[in-house]
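Below you'll find the structures, each written out as structure tokens.
Common to both upcoming complexes is chain A, partnered first by chain B, then by chain C.
And then the complex of A and B:
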């Protein structure tokens, strides 16, 4: 039995499986709930990529089909059936030159449009806003340098969700504090590596208010798959409100409340790594967190205005319940800003995940946080350790965190 | 039956093992003590085993000890191997270089002893056996010995040069080079010179050089080098207005880097300005990330030599004692540029802000904001 016959037999036996798999893959491409779909651009930069990739994909697909059909035809038509070997001919200059020129022309045409798109995407001269994006295992930090045009009178620092105004050319200045990461919001632009010691730039712009999901696309360690991000686009008016909220001074919880007790727990347990701007000790001295002494990357998320975000733990978990999140995600452009800016209140708080995180963070997100295995990092954590908090402390902390709006 | 010697050795081995067990169980063990005692147990066990196997060299009349059968030729390599093993153990708890020497000694002993043992069984002719050993090992031994010899010469000579003052060092260098050249020339002119004489000259020179090197190590480095090392002249930044004798030596005034710049700071006509990528116009503040190296280019476009100094707050060095944290570029001339990398671990949320300034230039500074 020839190889082709044996292969045919195998294909016949597995045809149900093959057809089923192919059908599943095909139907998966029709999925509508695909927030990281590269074929659904929501901004001019992603649109440029889409405009380029669709015709290139079509041309490549047609050529691929032609080649595949030719190969299969040759395999079947000229398969070994015991016939004598056909006449062998070598050299056909006209055919060979034609088969060289055609692909070269196709590549040249594709190359021209590709280069033009690459240069367009790299244009930075008309940037309207700068945001510094810093990656570390396994979350993204965003800091907004002072920019009077947008009312940013003092730098703003946040994490998990990147908030931008719509219709604004935003330049992300990316780098990393530990290993190479890669920043990618498919709906807004292509991916760009964040490399330690280097600044790479990436321009994004959103057409409409909304939330656009992304994912680290450079393998960066244990929780690479859980290093997510979301870009939140707000109308310019709503963005101004967001900025104003971020610049609001710290409001200490009222005395004799559970939240006030939570502030004490936070001071004792969390400020070794997490900064809350404006938080002071009992003697009035400002609290300066020291993540550089405790965390390998030297940074931990700044939790000022935590409840103005919808995610935590590197955007792996929602800070709001699924119902509240759906309410924000699915809202119309007109109402989206108001719903997002409402932040997180107690009824909407995802208590399950937040309490689970406070109870034992490494159990919820894989991290190198075992104190016995930190020799390589000089005893510093990569990720949040299990703090061994009591249920009472967790209760107080949740009450306190709810005040960080 | 056990011989008296074997009994003593068994007792020593037992005592060593008991000592090790007591040390590990009752005393707070240290790596040094544990390695020393386990080494003692291993050594006495080995010697005891050999003594028992050979019956301490005592054989009854009419019998033959196993150890007397096919006795190998005496060799120094087991000794080298044992020394290597000792170095290996010591190296595990002291410094890596001792450990590496131990590995090298064990490896050399294994190769040499294996080839020697193999060659001795090649034939009944000792001369032939020796020749095949040389054919195999000499191509390895000679280059290694040459390399070791050169390393010893360089190390010894460098000790001498570091111990003597600069002027004397130059004279010594010239004289030694001249003597080597003259002796080499004389030997080449007299090819009939006896090998013994040449060997004697080489041995005397080598012994003299190594001896001088050892003596120089005993004396130590000359004073100016000791002072420079103690005061950390070449790494210690002196960020004042005046030119530093050491820190400003060998100034680098060009930058080859083209990316990864957070800000460019320029001094033009007595005015300090900042340019940040992506922000139009000149700035009077820059934002850098916390706990992340941020690269800044300083360009001096003013007449005269200036340096850029980063004032990074204060740190506590003792109870109630604060010290200013600063870093700076070297003093660079007009038209020159230099790179300054800042890593700031604390946010500038309160107290005095971080700034960039020019020593000697009043009223000009760039605020460094760390969110």
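And then the complex of A and C:
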């Protein structure tokens, strides 16, 4: 073979090596601030993983380089230069055994540290707060059991953003109402599947206030790609404020406002599935949503205090405009809490996506919401159907939703 | 086919001549097919070489299908919010890409190589059960076509190749795609099982005299390990697929959580099959390059017994690592820790192989043919995949990387950089043996470099994407999560998509090479590579009966040792040419060579399987009809005459007195 070929061989092997192993970590760090980067821990659990995995990646990279260099060296050194046919040696058991024991020893060392970290990460005895996390196609529900220590005097049910206090060992008790999902906030911890019929536990803790992005990572059907999550860490004081807001009683819109008309539309169109705590009918009876009659998973997001969240539709869309979103995400950790707790007001509301969603939700997010194709589920939807709302209804609804602070 | 008999002298004639069974003396009413021309010589053949070629053609067809699916996926993901495929079609696309590549490309391609070369490598004239061999191929083909039929009947399977419950259930996947998938894989599973039993029996019982197990070519060894893996792994997936089919088609509740089922049952069943399956995919290629590297290094495989036993060790330990696919499911720390350690353990025998291949090159006299390039490419690229596999064995780290593109990168380095490069090495190495013509080395070089560059561009960036946090199986990715700077999701996704096009061109060059070689390729010399094993001790392509006389084996690398011997100074000197070795075999040709006759029934039984499967999906009476086809043709199979009489042949070979080979009843 020609020299060019041989040189090409060297270059390609070096390149593939760089792309493949040794340079991976380096190159990954070239793209900054990917919100789901797995090498940027922001809490002690993710930090433990990071401390373990960085040396492993480095050792793997070094071994990869050694193999590649050995191969390339032999390719150059032992190419056919007209030398006689080599001695027909069948091997060298001593060398062989040495080269078996060395990797075994390296792996044994890695194994010991892995073992320790596995048990370390599974520790639950010092948990300070429990949140029930329930996955369903294609959104997460967060259910905070009553916990007087944090001022949670009655359960809080929310969705879209998981709100936690910083420096607190939070245990997520995960399950699912339909298929398997997986909860993953890379900055806080690795993944843990939410399996229907089982409860799995996952500990997270954030060091600093801020928003940490995540994504459902177990394939869960049509809108798997759109099943996102965000964990919001607030200082302990800000968390207490958030709790107080969530527990605030329902405030009906003032009579003869557009929002009041919107409440009527909401009562007629939305409360079959969506709960707003404290909402009553004209005769004063409380409205209890019955999503189990209309949705296969039996749940729809609870919309109480909707405007305290930054996302909707399973965190697929921002409830705030891009400018307002950047303002919150990029703020210093000192000012973050106040900005987040301000919630969504009219200038910041992402009218385009919210109206589009109300107009025809299945057009914006792939779901099984076509009434003609629901034979298998006995007519129950998976996701929000097209309600056929008029533009004036949408106008009223938006006005009403803005009052759900 | 029939019995090939030479005029023989009296002294070698057997004392007792048993009259061969003929239609009149057998119970069967149906004759054996005897046409040796046109399509019928293929459809009814039981010749392991023809079946091997049919396996390879089928696998290559599905490789192109799976490749097109991959390109569609990459085009969709090239830019944020891709619009080429909708979510539903994308889910079908990645499900079928994996299913096709695993079950309909790599497995049958390896089966094709095994079929063609195992009898030749062990000095046999065919496999132990030639009709079952034919049946296995037809079942594979019909199973593969059956799965893909779903594209035209309401949509393909959309649950991922791992088909996790309960997402695979009738509620969550209402089209018939999953039904076609489950039943089609059941059919290809039958093909794999019959093939496995057949090859195990062939390898253990039909080796040439003197070929002890530790003198077997390493490819044969690796295929033997794979067949044992298949024989034990396929039944597990068979059970899982039956549970799934009964749930979907007959209202069973094996994975119905509301009825008390635990969806993790499926995952355990799937991965107890699925992890050995990984080794089923990779070991044949390990075998191929363990043949190719010594030939083009001009020295034996370094540490042959270590390579054999590390292959066997992988085969054993491979059963104890399945739950590393489930580190995120909440198995509990003890299970996670144990499977983490066992996964690290399996890296050791894998590392042994890499060391041995490298040391095979060491001190050799290297000849960089295309086959050699693909093999060396495998060493380097598979090592990258193996090392990223080690990072997965670290369970806490895996909970960050699992279900991201890092995993996609890992197994493509293992399966493309490993399995596929090995298969391509095999094409270039054995093409002259199979077709008597040399694949063009210049186009081969283009083929190699385009594929290597293409694959590194396609799968290399996926490491980075995964570590940056891009999950798998998402029909779109969003700029919101892409990160900042030049080297964000957008950049690497685009590079990867461009790489997939380069890869496609590389594969096209191979097809062009095949086309050009078929039209006016260079006729292959008898021993173009200076090979070492028995399959080269016959003509190119081999005669129907493989060897005129069965060689007696005295060495590992028997062919090499017939050509070369050490002189007094310890230098290897050529003592015979390949032609001389072959002539010696021809001069001592066996008197009676009994070859199996073709049969109608393998293809007909195999056809009954998809008919039954269609019936399971749409209408039970059709399934019963399919069952009747299978049952009746099984009887016909059992009762057909053992050979075809000479008078059935057209033209009767007995009238052709110029040849010394005659077919007799």
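We adopt the following convention: the second predicted complex is superposed on the first by the 359 of 405 C-alpha atoms of A that agree within 3 Å, B and C clash if a C-alpha of one lies under 4 Å from a C-alpha of the other, contacts with A are read in each partner's own complex, and residues count from 1 in each chain.
We take it that contacts are C-beta pairs under 8 Å (C-beta built on N, C-alpha and C of every residue); 3 or more make two chains touch, one makes a residue touch a chain.
Just so we're clear, the structure is a prediction, and the values are computed from it rather than from any experiment.
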{"item": "Touched partner set for A:117, first chain B, second chain C, both or neither", "value": "second"}
{"item": "First, second, both or neither for A:377, with chain B first and chain C second", "value": "second"}
{"item": "Touching partner for A:356 - first (chain B), second (chain C), both, neither", "value": "neither"}
{"item": "Chain B versus chain C as contact partner of A:291, first or second or both or neither", "value": "first"}
{"item": "Broader residue contact with chain A after superposition on the shared chain, chain B or chain C", "value": "C"}
{"item": "Chain B versus chain C as contact partner of A:167, first or second or both or neither", "value": "neither"}
{"item": "Chain B versus chain C as contact partner of A:132, first or second or both or neither", "value": "first"}
{"item": "Contacts of A:151 with chain B and chain C, given as first, second, both or neither", "value": "neither"}
{"item": "Partner chain in contact with A:197 - chain B first, chain C second, else both or neither", "value": "both"}
{"item": "Partner chain(s) touched by A:89 [first = chain B, second = chain C, both, neither]", "value": "second"}
{"item": "Common interface positions of chain A, toward chain B and toward chain C", "value": "197-198, 201"}
{"item": "Complex contact set, residues of chain B against chain A", "value": "259-262, 276-279, 285-287, 289-293, 345-347, 349-350, 369, 371"}
{"item": "In the complex with chain C, residue positions of chain A that touch it", "value": "1, 5-6, 8-9, 12-13, 15-17, 19-21, 24-25, 27-28, 30-39, 46, 48-49, 52-53, 56-57, 60-61, 63-64, 67-68, 70-71, 74-75, 78-80, 83-93, 95-96, 99-100, 103-104, 107, 110-111, 114-115, 117-119, 121-122, 137, 174, 178-180, 182, 184, 186, 189-193, 195-198, 200-202, 213, 215-226, 228, 296, 366, 368, 373, 375-377, 382"}
{"item": "Residues on chain A engaged by chain B in the complex (per definition of touch)", "value": "124, 127, 130, 132, 134, 141, 143, 145-147, 155-157, 171, 173, 175, 177, 197-199, 201, 275, 277-278, 286, 288, 290-292, 297-299, 302"}
{"item": "Touching residues (chain side chain C, partner chain A) in the complex", "value": "86-88, 91, 159-160, 164, 166-167, 170-172, 174, 257, 260-264, 297-300, 302-306, 328-330, 332-333, 336-337, 340-341, 344-345, 347-348, 351-352, 354-356, 358-359, 361-368, 373, 376, 379-381, 383-384, 387-388, 390-391, 393-404, 406, 413, 445, 449, 452-453, 456, 460-461, 463-464, 466-477, 480-489, 491-492, 556-557, 560, 564, 566, 570-572"}
